[in-house]
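Two complexes come next, and they have one chain in common, chain A, joined by chain B in the first and chain C in the second.
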Partner chain A sequence: MLRLISIESFKLFRKLKSWLGPLLILVLVLVAFPLSIDISQYDLEKFYFSIIVVSLLMTAFVATEGMFEEDFEDGSLEQEFLIEKDFYKLALCKIIVYVLLIGVPIAFIGSIFSFANGVAIGSFPKVFLLLSLSNLLLFNLFAFGNSLSINKGAMLGVLSSLPLALPIIILLGRAIRSVQFGDGFSEMIALMAGVGLIVSALMPLIISAALKTHID
Partner chain B sequence: MITAFIHKFSSPKSFVVLTAKLYPYFICIGLCLISLGWIWGLLFAPEDAVQGNSYRIIFLHVPSVIYAELIYFFMAVCALMHLVWRVKLAAYLIKSAAPIGAMITFIGLFSGSIWGIPTWGTWWQWDARITSTLILFIMYLGILTLHGSFSNLEKADRLMSILVVIGVINIPIIKKSVDWWSTLHQPASISVSSGSSIDPSMLYPLLISVIGLGFVLISLGILSSRSYIYTREKNKKWVSEYV
Partner chain C sequence: MTLLSAQKISYSINDKKLFHGLSFNVQNGEALHVKGSNGSGKSTLLRILLGITPPSKGKIERSNPDLKISYLGHKNAIKNYLTPAQNLELLFNESELGIALKWLRELDLSSVQEELTSNLSFGQKKKLALIRVLAKPQELIVLDEPFVGLDQDASQILNNFLVNQLSNQVSLIFTSHIHPDVECKVLDLSNNSA
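So, the complex of A and B:
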C-alpha cells in the first residue's frame, strides 16, 4: 500500500496540470462569481455555498480526468494486474492520493474563500470538514466514471457518472443548510463520513472490475 | 441448480424461439388494453373538479413514468445477472431496453411538462421529482453512449452492466423525492399501504392504461432484443438455421 501511495504521489506531483489546474479553476470560479454579479453581501452569503457545490463538482471532475489513462497507455495497469491480480489497492491508493493532494487543498481554499463571502469565521472547521468529505465522495465517483471511459474521453466519463452525483449533492445540500442554520450539523457530518467510508471501501472494488474489463 | 436453470433458459436461441410465439399476443393484448384505458379515460371518465379536462394527460404521464423506473430496475437485474453469471442474453436485454427506457422517460417528462402549464403555470420547474427523472433520462443516454463507444462488444457489455448496477441508486431517490423534499410535484396518489386517493371512475382506466402500456413495452422490448440478438449472433450457426 505504502509503495503504491508513494508511487502515485510522485506521479501526481510530476503532472503539474493534474493538481494545479483544478486548484486554479476553483480559485478562478470563487473570485469571478462575486465580481460577475451585483448582489448585496447578505444575498452573497445565501448563494455562496451553491457556487462552492458547483465548483467542487467541476474541480473534482477536472482533477480526476485521465486518472487511469496514462497507466493504461504505458502498460502500468497490466503490470500492476500481473503483480496484484486485482486493482483494488491501486484504485484505493489513487483515490487517497488524489483526495489528500487535491481534494483537501480544494476544501481549504473553499473554506478560506467562504469568509470573504460573509460566512462566520467560527464556521471554518465545519466548512472545511464538509468540503473535505464531499471531495472524498466526489473523487470516488469521478474515479469510477474515469475507470469506465478510461481512454475514451472525459465527456463519456462525466456523462456516465454525473447522474450518480445526485445523492452526493443531496447530502451536501442538507449539510450546507445545517451549517447555515446551525441545526443537526454533527448528525449530517456523521452521515457523510459513514457514507464516505462505505463508498471508499466499495468503490475501488467496482473500479477494479471496470479496469479488469479494459485489460481483458 | 440456479446457475443451471439460468443457463438453460437464458441462451439467446431459447429466448428467440420462446418470444416468437409470445410477442404477437403481447402486442394484441397491450394495444387492446391501452385503447380501452385511453378511450375510457379520455371520453368517459368524469372531469376533475379542480383541474378540469387537463388532468386527462394522467393516462399517458403516469404509466410512462412508472415504466421509466421499472425498465431501469429490470436493466439493473439483468446487469447483475450478466456480471455474476456472465449471461450474454442479460447484456443483450439491457442494450435493447435502454433506448425504450430513454424514450418512455422522455415521454414522461414531456407529458409532465404539458400538464405543468395549466396546473402549475410553468412547463418546467427544478423540482426534486422532475430533476431526478431528468437525471434518469441522462443516465439512459449515458448507458447507450458508453456501450456505443467501444468496438469490443463483450467489453462494452460488462462496462455497461457495471454502470447500470451503480446507477440503480437513482431509482429510490426518484421514488422518495416527493417525500424527502418539499416539492411542487404531488406525492404518490396510489400506494400499497394506504390505497388510492383517486376516484375509482378515474383509477380503473388509469390502471388499465398502465397494464396496457406494460404489454406494449414488453412487445417493443422483445422485438428490439430479437433484432439485436440477430445482429450480435449473426455468425452463429443457429441464426442462419432459424432465420
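So, the complex of A and C:
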C-alpha cells in the first residue's frame, strides 16, 4: 500500500499539468474576482467565501479529470488487476495522493485568500480544515465520476457526477456560516469528517467495480 | 501438473461467435501457441485465460487461484512522460531493479535510459515493456504478439529467454504470427467460429 502511494505520488508529481493546473486556476479565479468588481459597492468579505467554494468545486473537477484515464489507456489497469484482482487499493491510494498533493494545497491557498479578504486570521485553521475535508469529499466524488466513463473521455463521467456535489456544497456553505458566526463549528467539522471517512472507505469499492467493467 | 485448464469456453460479441467450445490444458513447463487470423479472438482468449474478460460460456480452472502471471498485451503499460529508468523504478523494487537494468543494457536501451519514453521508437518502447516480463518471470508467462516491433537481436534474446523459462518449468501462452523457436502446442482459432 505504501509502495503504491509512493508510485502514485511520483507519477502525479511528474505530471506538472495535473497538479499545477488546478492550483493556478484557483489562484487565478481568487485574484481575478476582486479585480473584476467594484469593491466599493459591495461588502466583499460577505460573499468571498462563496467564490472560494465555487473555485474549490471547479479545481477539484479539473484535478480529477485524468485520474484513471491514463492507466486505462496505457494498459496499467490490466497489470494492476493481474496483481491485486481488483482496484480497491489503487483507487484508495490515488484518492489519498490527489487529496494530499492537490486538495490540501488548494485548501491552503483558499484559506490564505479567505483571511486576506476580511476573515479573521484566527479563523485560518478552521477554514483550512473545512476546505481540506470538502476536498476529500469532492475528490472522492469526482474520482467516481472519472471511473464511470474512462473509455469515453473521463470528463463526461465527472460531469455526470456533478449533481452529487451539491449536498457537499450545501454542507460546506453551512460550515462556512458557522465559522463566520462562531456557532456550531465543531459539530459541522465532526459531521464532515465522519462523512469523509465513510465515503473514503466505500467509494474505492464502487470505483473498483466501475473500472473492472471498463477493462472487461 | 496442469497449471491452467479451459473447459468448453466460448466468446461472442454482438451475437457473433469468436470461438466456441474450446477446451485445452496447459501443463507446467509447457508452451501454447494461439494462432489465428486477425479478429479471430486470440487476444480475447488470452484476456479470458487471465481472468480479465469473462467468457460467454465455459470456465477456466487454475491449479492455484493465486497463480503468479507475467503478461504483456497490446498495451505496453509504460508511462510516456517518464524516462525508461524511471519506468523501471515504478515496476520493480530495489532488489529487482538491478536485474531490470541488466535487461535494459542487454536490449540496447542504456543509451536512451534517461530520455523521455515518448521520444523512443515503437520497437524501443516494446523492448522496455518486455523487461516487465524478462526481469520478473512468474509461474505463467502470457504474451500477445511479443515479437512485433522487435529487431532481430531482441527477438533472439526473447526467444532464448522463453526457451530458458520453459526448461525451468515456467509455462507460456502466446499469440504470434511469427513462429518462435520453442517447442509448443498449437491452438488454431481460424476455423473455430461458427
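Criterion: the second predicted complex is superposed on the first by the 210 of 216 C-alpha atoms of A that agree within 3 Å, B and C clash if a C-alpha of one lies under 4 Å from a C-alpha of the other, contacts with A are read in each partner's own complex, and residues count from 1 in each chain.
One rule holds for everything that comes next: a residue touches a chain if its C-beta (ideal position, glycine included) is under 8 Å from a C-beta of that chain, and two chains touch if they have at least 3 such contacts.
As the structure is a computational prediction, the values presented were derived from the model and not from experiment.
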Please indicate which partner A:Leu156 is in contact with in the superposed arrangement: first for chain B, second for chain C, both, or neither.
first
Considering only the touch criterion stated at the top, classify A:Ser76 as touching first (chain B), second (chain C), both, or neither.
second
Quick one: is A:Thr213 in contact with chain B, with chain C, with both, or with neither? Answer first, second, both or neither.
first
For A:Leu166, is the partner it touches chain B (first), chain C (second), both, or none of the two (neither)?
first
Quick check on the superposed pair: does A:Ile112 touch chain B, chain C, both, or neither? Answer first, second, both or neither.
neither
Which holds for A:Phe10: it touches chain B only (first), chain C only (second), both, or neither?
second
After the superposition on A, what does A:Leu148 contact: first (chain B), second (chain C), both or neither?
first
Where chain B and chain C land on the same part of chain A: residues 216
Give every residue of chain A touching chain C within the complex, in rising order.
3, 7, 10-11, 14-15, 70, 73-76, 78-79, 81-82, 85, 215-216
In their complex, what parts of chain C are in touch with chain A?
50-54, 69, 71, 73-82, 86, 89-90, 93, 132
Can you tell me which positions in chain B touch chain A when the two form their complex?
83, 132, 135-136, 138-139, 141-143, 145-146, 149-150, 155, 158-159, 162-163, 166-167, 169-170, 173, 180
Please output the residues of chain A touching chain B within their complex, sorted ascending.
144, 148-149, 152, 156, 159-164, 166-167, 170, 206, 209-210, 213-214, 216
